[in-house]
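Let me begin by presenting the structure, written as structure tokens, before commenting on it.
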């Protein structure tokens, strides 16, 4: 757009993290500029303050679980919207300066989470070497590049960024870990429905037997599947429960819209977090014929005729 | 309305039946003319053909149960609308010609249903007198007036119509019987909502475990109570079930409208039979705050904002 | 059984009714003696007093609907058990004395229900002949045999019993009518499960939104289908609803037993009316693998181990 | 118990962690010996191998969310049982060697999670000091005691253990964080019901619309409330969903036992993780009269009589 400054993307920094890697995979280098943030709260704050146009933050990780800073950061404070989800395989490399061989390594450094997920591999590859902590995997790579340590467990992007070479690839003890990131923007036009979308919500309900069943019934009667649910503690208010939910479909879909209206009525509070294309490589379950937009339209026409007495 | 002929009301005849009594209680003598019909099908056919403007027919009786001729007559054929319900206490009198005393009675006559419901009283009042059948309670009164028999079990209106006097009143063995009649009209504007209405439906669903639960869920998630339900055989189609239902509320109510739209989508067939003022002397259950029209309006506004990204 | 007097079967009389026909079809002539009763209440009372060992009474008719006298007679009073259901095609004959032809007929007589169901045929077969009422179809046949009238609409058994011949067969206007009778006995051992059984219940619940949904959930979570449901007025107690239900399966089945226990807990009142072989020519829906007796047994064993800490 | 060696408790080490603090609060020093483990997997492995009699591991944290290593470590592998839950307020201290004042501090060290949760306080208390990572808060305290750094963010127990003094207490940016630990033991007798218990489960169900609703229905029909639910990815098997659940009540309770039996039948897999006293300072919701053990016993007696035909 002529005259429009490039989009500014905040991400969970520093440079060389998996978050930057995910952002690069999602947004072409020429589509915007990338700004590392010191943490999830900082990345979200940058969007809320206008210092960034969007932020890419991790929502959940198949090994580490959900990311409360993101969950809570979206559930509280000024509204933000998820406009996209990005999945990234978490593939650790053991990286050293060029010319280094495993036998040369006297010290290995990384973020404690990364060390925990590669403990078995490190014991096998670098027997007797005690792992040391760093504040991030990218910082670990920097320390190795600067000669402070011999090897780092980090993202491929960090190795590349700091000119390191891989002593070993895919060193996670349990391969296949995936992190789900979300791109978060200020309120504004929603992504167009694609036919394979997800919708994210936070629902707060009274603490009574069957309250969650009532919430799920609003989805079930409209033929909508959930893809994630998590009860969240609500520190501030006793006697209520908070649920973080993802469901299949887009709020522009008739069935999802009616379900969300229903939840809005019956929940103590309902926060809409966004509708966006599904990106985990799976397809939503087929919409049953009675739950399509066409079926809702037809039913609305029928109701209008009935109300007018034209049965 | 100038130039409009008086409304023609068909009712389950002959003259002097409880149906005529109910019609008189519901429609002032100057509001229309009354036409007896030979049976429920004939009464409904008169409305469908335009020979009558409306028909008053029995739907259920607290002693005799539902009236299949009415149930099926409304469920099948060209659509008709219930515009009113009328409850009438079924109060049998034992009637004879003026001057007759119980000791004079050598024969007693009535419709077999009426004889069945008064068998104990008759045995006590008229020991040794064998009851004889007539095609209707009104016909029985006529036979007594004409001297064919000595006493009839009939409606008070029939006794009055044929100039008989009551030898005994309220002779039902089990007092308190009530018949629910409905006034049926061709499709046209519905009665205005009064805040204490009922809606009648026939829902056809596939014969699978949980199908009825799905139907009831459409009501429950919108906070709507049922007042009557009855599974009906569907002769024509194997593998489907038909349910005759009354629920609280008017189709003009947001919650009822949405529930009916939902049923229209998920049922194999849904026939709307009318929304009309509740007349059984009871009040609908209070509408919960989350199910009022205002709550639905507010939710619709919320949804519109969400879809526009104005969260 | 040596020394045991023959079983005494009461049935809805008089002799020659469809009820006798149904009883004959169900119980061989040498298996017991048949006693006509003056009405459903009398038939049930005979069983309760010990004057009969069992009673065959109509429960519902595909044209006339449910039979409240039977419904209420089983729901109230001393407990009785349905031990069998019997379906009988309601096939009316137009019967006259031998030698009579339709052209000879000057009067036709029957129970008003039978006259109503054959009105079209009679108008065609006997144009101009005014139908006359009798207290039962069998009584109508007797009157013809005695020369009081020329023709009767009755059951084939009545024609045979009174030596009449059929002037026309299957004279119902809407063919295919079926009556469901039930054989009712005093409390005692239940019929053995056959794998294709039904269970009948009367459930009383508080009058609150969702109460019926709760009742149906008890069936649905155990994978049990209903075959009939009917809300019944409960005159005696305001604020409660009564439901008459039939479900698939036998109370001896684990899933049905657990469902009934659950209903017993959550209902204001639950009356068990019997488990008996299904006889409508249909098969129960296949029991899902997770709802079989074997699955319940396996789960009970699992629970026992869990409670003992042997996980 | 004479001759019994003291109980060996593994916990998430090293010494001086919040886990040790929680263990001390739960188990008296004379009741057993404490063994630090290098991680949650190591702690659970010690119990499975018999090297420890029980392990105290974190399950969820009000700031950091659930602990996947514990969730997955309990859901997979040989069965273990939660026998107790322990809640510990996460109260960070900023600790230095005796005589240190904030103005003296040139370096501050801790586990990155602890640094993240105290970032605001540290910026205020120690402006300009760059936080450094350690593999645990206890290790950070050790480094300060050994003179490698000036101050540590750690648990009070670590400060005490290493002879440090508090420069500042309760330095979390968001006070009130609580960690929920569980004590895990090999299969064996369950804790006695106390009337205020919780039960933990992992349920695996097919990926179809309404599957979770079915799971929740098993609880709802027995009047049981959930206190936590979380969908978990199941990497190994496509097309299934896994849910980690806590509900109110003890498996020895009739309602919980029946619900778990039901889940065992309908779920693809159900793992029982234990029933244990609720320790979060809250009371379970009152058990409704229809869901008490007495109500279940009464219903079982009723069913037995019904099955014997003694209605």
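Chains here go by letter, A, B, C and D, matching the order in which they are written, and residues are numbered from 1 within each.
The definition used in the following text is that contacts are C-beta pairs under 8 Å (C-beta built on N, C-alpha and C of every residue); 3 or more make two chains touch, one makes a residue touch a chain.
The shown structure was predicted, so the numbers you read here are calculated from the model rather than taken from an experiment.
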Partner chains that chain B and chain C have in common: none
Interchain centroid distance [CA atoms averaged], chain A/chain C, Å: 61
Inter-chain centre distance, chain A versus chain D - centres from mean C-alpha coordinates, in Å: 25
Sites on chain B at which at least two other chains make contact: 217, 220
Graph class of chain-chain contacts, one of line, ring, star, complete, other: ring
Partner chain B, residues of chain A touching it in the complex: 79, 81, 187-190, 214, 217-218, 220-222, 251-252, 257-258, 260-262, 264-266, 271-272, 290-291, 295-296, 298-300, 302-303, 306-311
Complex interface listing, chain D residues touching chain A: 39, 62-69, 71, 111-112, 115-116, 119, 131-136, 176, 207-210, 212-213, 216-217, 220, 223-231, 233, 235, 243, 285
